[in-house]
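A, B, C, D, E and F label the chains in the order they appear, each numbered from 1.
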Amino acid sequence: MLSVSDLSIARAGLPVLQGLSFSVKDAEALILRGPNGIGKTTLLRTIAGLQPPLEGRIEGAEERVAYAAHADGIKPTLSVTENLTFWARIFGAGGIDGALAAYDLRPLAGRAAGSLSAGQKRRLGLARMLVTGRPIWAMDEPTVSLDKTAVAMFAEAVRAHLGRGGSALIATHIDLGIDAQVLDLSPFKAAPGSMDAFEGAFA
Amino acid sequence: MTALLMRDLALAIRAGGGFGLGLAFFLIVTVLVPFGVGPDPALLSRIAPGILWVGALLACLLSLDRLLALDWEDGSLDLLATAPLPLEGMLSVKALSHWIVTGLPLVLAAPVLGVLLNLPGPGYLWLTVSLALGTPALSVIGTFGAALTVGLKRGGLLLSLLVLPLYVPTLIFGAEVARRGAEGLDVATPLLMLAGISAGVIALLPFASAAVLRVNLR
Amino acid sequence: MMPDLGKYAETVLSAYAASIVLLVAIVVLTLLRGRRVRAEMERIEEKAGRDG
Amino acid sequence: MSLWEYANPKKFLATSERVLPFFWVSAGLCLVVGLVWGFFFTPDDFRQGSTVKIIYLHVPSAMMAINAWVMMLLASLIWLIRRHHVSALAARAAAPVGVVMTLIALVTGAIWGQPMWGTWWAWDPRLTSFLILFLFYLGYVALWEAIENPDTAADLTSVLCLVGSVFAVLSRYAVNFWNQGLHQGATLSLDKEENISDVFYFPLLVCIAGFVLLFIALVLYRTGTEIRARRIKALRLRERAAA
Amino acid sequence: MLSVSDLSIARAGLPVLQGLSFSVKDAEALILRGPNGIGKTTLLRTIAGLQPPLEGRIEGAEERVAYAAHADGIKPTLSVTENLTFWARIFGAGGIDGALAAYDLRPLAGRAAGSLSAGQKRRLGLARMLVTGRPIWAMDEPTVSLDKTAVAMFAEAVRAHLGRGGSALIATHIDLGIDAQVLDLSPFKAAPGSMDAFEGAFA
Amino acid sequence: MTALLMRDLALAIRAGGGFGLGLAFFLIVTVLVPFGVGPDPALLSRIAPGILWVGALLACLLSLDRLLALDWEDGSLDLLATAPLPLEGMLSVKALSHWIVTGLPLVLAAPVLGVLLNLPGPGYLWLTVSLALGTPALSVIGTFGAALTVGLKRGGLLLSLLVLPLYVPTLIFGAEVARRGAEGLDVATPLLMLAGISAGVIALLPFASAAVLRVNLR
């Protein structure tokens, strides 16, 4: 279980979200919504441990989160298999067959990743989550560029992950067809800090 | 860790011969110098050890900006940072693969290029020894510089600027070994210093690199 | 049989050795790659011919 | 029937397959005869001693190194103007052979230089411009290797070859101007008095013929290989499309 | 009017679409659909003139197409205004005020483009189309990362463009709410070439 | 066209001082050489013109890989290619802005750095003149190289390999002018050649660059 309490986060020194609390239990998914620029990406990066929160606490995230960003970390000169195998070995998790099957990557397995189309690349990026073996998936707009079939594959993969007791945190603007709680971030938008907070930390 | 090393080497080979290219640059720097200073053999043989060291250093330097930048651009670095892998270890592996791809070929090629600059006889051995001892330090220091500047657009030149002063001690002692060797003098002191620098740098700098990279990623 | 090369024996022999090594290397590499590629093409053509 | 028919890959393969044995055999023959003749049955030069024997390797390889570039230049032009794939592939096939020829000339020259000039290497114009040629070769080969798409690679390397040729000539002039050299002048001009004596001349001619024939054989064979490799690439793509 | 007849296009030497004919009249939009990897991006690049077609003809495209790719060509160190002004000057078209207004970029105008969120960047990328002054818009998945409001802005901008007599060619997987013809590319998938085409062109 | 020039200059200034960095690299190369070859003033003053030219050339070279790569990565290059702007013109503008950002500061700074290497008196004028004439050619040739390798991963080193032999004639004549100038000899012939190369290259090479870039974009 991942729980976040009274979290404030900042991007480039500017607070974007504050007073955020929520928790995601095992086998549950949480969908993050909110207009562009509200701070979804920033929140996911914080939970993945890439940046420290301004205030508040995050529990149960340490070493348990697999993060999928806008950029997929795909090496264009390596083949699809090689890319996946690399991440599987780094995370010390099992084989890549399940991942290849889940996103129908078998026919592309031997191709250099650089020669994939936008949606095919994205599928490879998502397949990576399966080889990490981590219980919490934090995903930033995972369905960008995906066609209908691929979105369905994705929903199916998430459902299977939840079925195995995993959980997922997904920022998206579209409807995924996954049974999940939805958290709208708009109410947590950080108020412009009071001017007198100059005391200690400049903001 | 091995996975990372193998991947980096595979990438270097795939990318149209990472091995060949660092070397080629070294070759070309050594070739350019005579075009600049003129073909007088006596003059060339005097400056040979120094120029070869400077050339090796520049060849290392040039390949640094891609050491982490590519991984940063495509998001791999973020993902690696969240992987169950100490960042220090990861950066040491990166430095190692940089050395294998760049430093090692330079060490092997340096004697051949010595011919072009008329390097005197006994110089060949000591040039090779000094490069073999010194280039690992260059890779490790370079990794630190790359970690410092990763994510900055046009980080390439800034990187050079930051790294070059750090390279100076290695260069001084390395070139001193090669020069004394070429003139048949005693090389013990600078050789010890060079070995000391390399050992110290390899043992300690990865911690600094990891700290700096962590800051850069957030 | 061996001609007397005088004091330059080493020079001449090393020049011949180096050149012959290089010549043989390019010929052998050429032939090896040629055979590999030819076999590969036949394999693929046959496979493509079978199912396409 | 026009010459351009050989620009058809299949036709080229069939024809080259037919003529190749002749070139291999005659190249081997010429080389063996020339080198054996030169090595075993020519006298030493009064000044250079036995080192003259190096001439049988050095001069032909130096000539072929330059000729290979000229051939690549022509092939590149044909590709750019008439877009015959075989032509581009022939240029690609010739480059590594050119690299080896250049290397042989450099190595034998360096080895020869040690006793003659007392140094392995000197920044003599001829040597220097040869070194630049070597760099051009390396860059050309590296560019071919670095590009995925064969047509793109053919276009880019062709332009590089063209621009490179201009700069190679410029460099040659620049280097000449920069330094007056140690290296031999032309000794092979047919009509001159100062020609080397016939004892050296005839085996040298045979060796040159051997190098020329070997070059032709290698380039024909390698062009065939490149054509097949290109075909494999196309078939792989097709397979992929079917999948 | 843009008309495409009997077009075949290839990506990296491999034919992807063939026998494609369609035309887009002035004041009309055409939506391109098709699964990932079918060749939408390749088609748009061909129409934009970035790559030559294998066969067939494209008429009315020359110097009339503004192309919006997956990558936006945004310079992170320049401000939003500077980015837009640059493109306006390159295309020699008018001012940037309309564009800023259409995508609600006024509040962000002075910010460095690098500090925008994914969706904000995308809005800037789309605003660029308005300053080109070109009649045909060729857009590749323009609504990636956009929230609902921004998608509505986009639809509005396209409608206005059509109203001015312009036309648009849009590849997308989602429903844009624009009144337009839809062209499904799946039927035009290129059949693998015959094996014996070895004669001239290797495939 | 002016819009493009202004943008490129603005980008160079914003990106943490494009102006400063090329220069700094030049400075550091000149500083490294004495560390490498030792501090003997007579020796340094003999090699000074050549080393300064080689340093300037390397400084140019290092900044080349970002000349088009940044625009390629973020898609600007595709968009520029579809803009109503001849590609030849665009590449000439790119070369010009590269020269303003890199070449010009080098020309201005070279005399100052000459002091570090003990450049003899009359050398200063001719060093400056030769760099002023030669660096534009370096930028234009570099643009050709950048257009050839744009889009290749690790194009950086390949770029150096391709461009350096093309730089040789410029380097020889440029350094010759500087060297003869420093020794008080006649510089007319190499100066004319240098000017000829620059003029020819500036007039013709942009066409080759544009052709090559067009191929690379498709």
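As a working rule, a contact is a pair of C-beta atoms (placed from the backbone, for glycine too) under 8 Å apart; a residue touches a chain by one contact, two chains touch by 3 or more.
Given the structure is predicted, the values throughout are model-derived calculations rather than measurements.
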Margin query: I want to compare two interfaces, D-E and E-F. Which one has more contacting C-beta pairs?
Written below: E-F
Notebook entry, point to check: Is the contact between copies chain A and chain E built from the same residues on both sides or from different ones, judged by whether over half of the numbers are shared?
Noted result: same
Checklist line | Chain of greatest Cα-centre distance to chain E | finding: C
Checklist line | Identity of the chain that, by mean CA position, is farthest from chain F | finding: A
Check: Per the centroid of Cα atoms for each chain, what is the distance between chain B and chain D, given in Å?
Finding: 34
Notebook entry, point to check: If you average the CA atoms of chain A and of chain C, how many Å lie between those two points?
Noted result: 53
Next item on the list: Spell out, as numbers or ranges, the residues of chain C touching 2 or more other chains.
Entry: 45, 48, 52
Note to self: For chain E, give me the residues that contact two or more of the other chains.
What the structure shows: 12, 70, 77, 192, 195
Next item on the list: Provide the list of chain B residues touching at least two other chains, using ranges where the numbers run on.
Entry: 15-16, 21, 24, 28, 31, 35, 38, 73, 153
Checklist line | Footprint of chain E on chain D - complex, ascending | finding: 8-10, 85, 148-151, 230-231, 233-235, 237-242
Next item on the list: Give every residue of chain F touching chain E within the complex, in rising order.
Entry: 2-4, 7, 10-11, 14-15, 71, 73-76, 78-85, 217-218
Next item on the list: Would you mind writing out the residues of chain E in touch with chain A in their complex?
Entry: 12, 34-37, 41, 70, 115-120, 122-123, 141, 144-151, 173-174
Item checked: Partner chain B, residues of chain D touching it in the complex -> 110, 119-124, 128, 131, 135, 138, 142, 145-146, 178-179
Next item on the list: State the interface residues of chain E toward chain F in the complex, per the touch definition above.
Entry: 45, 48-52, 63, 65-67, 69-75, 77-78, 82, 86-87, 89-92, 128
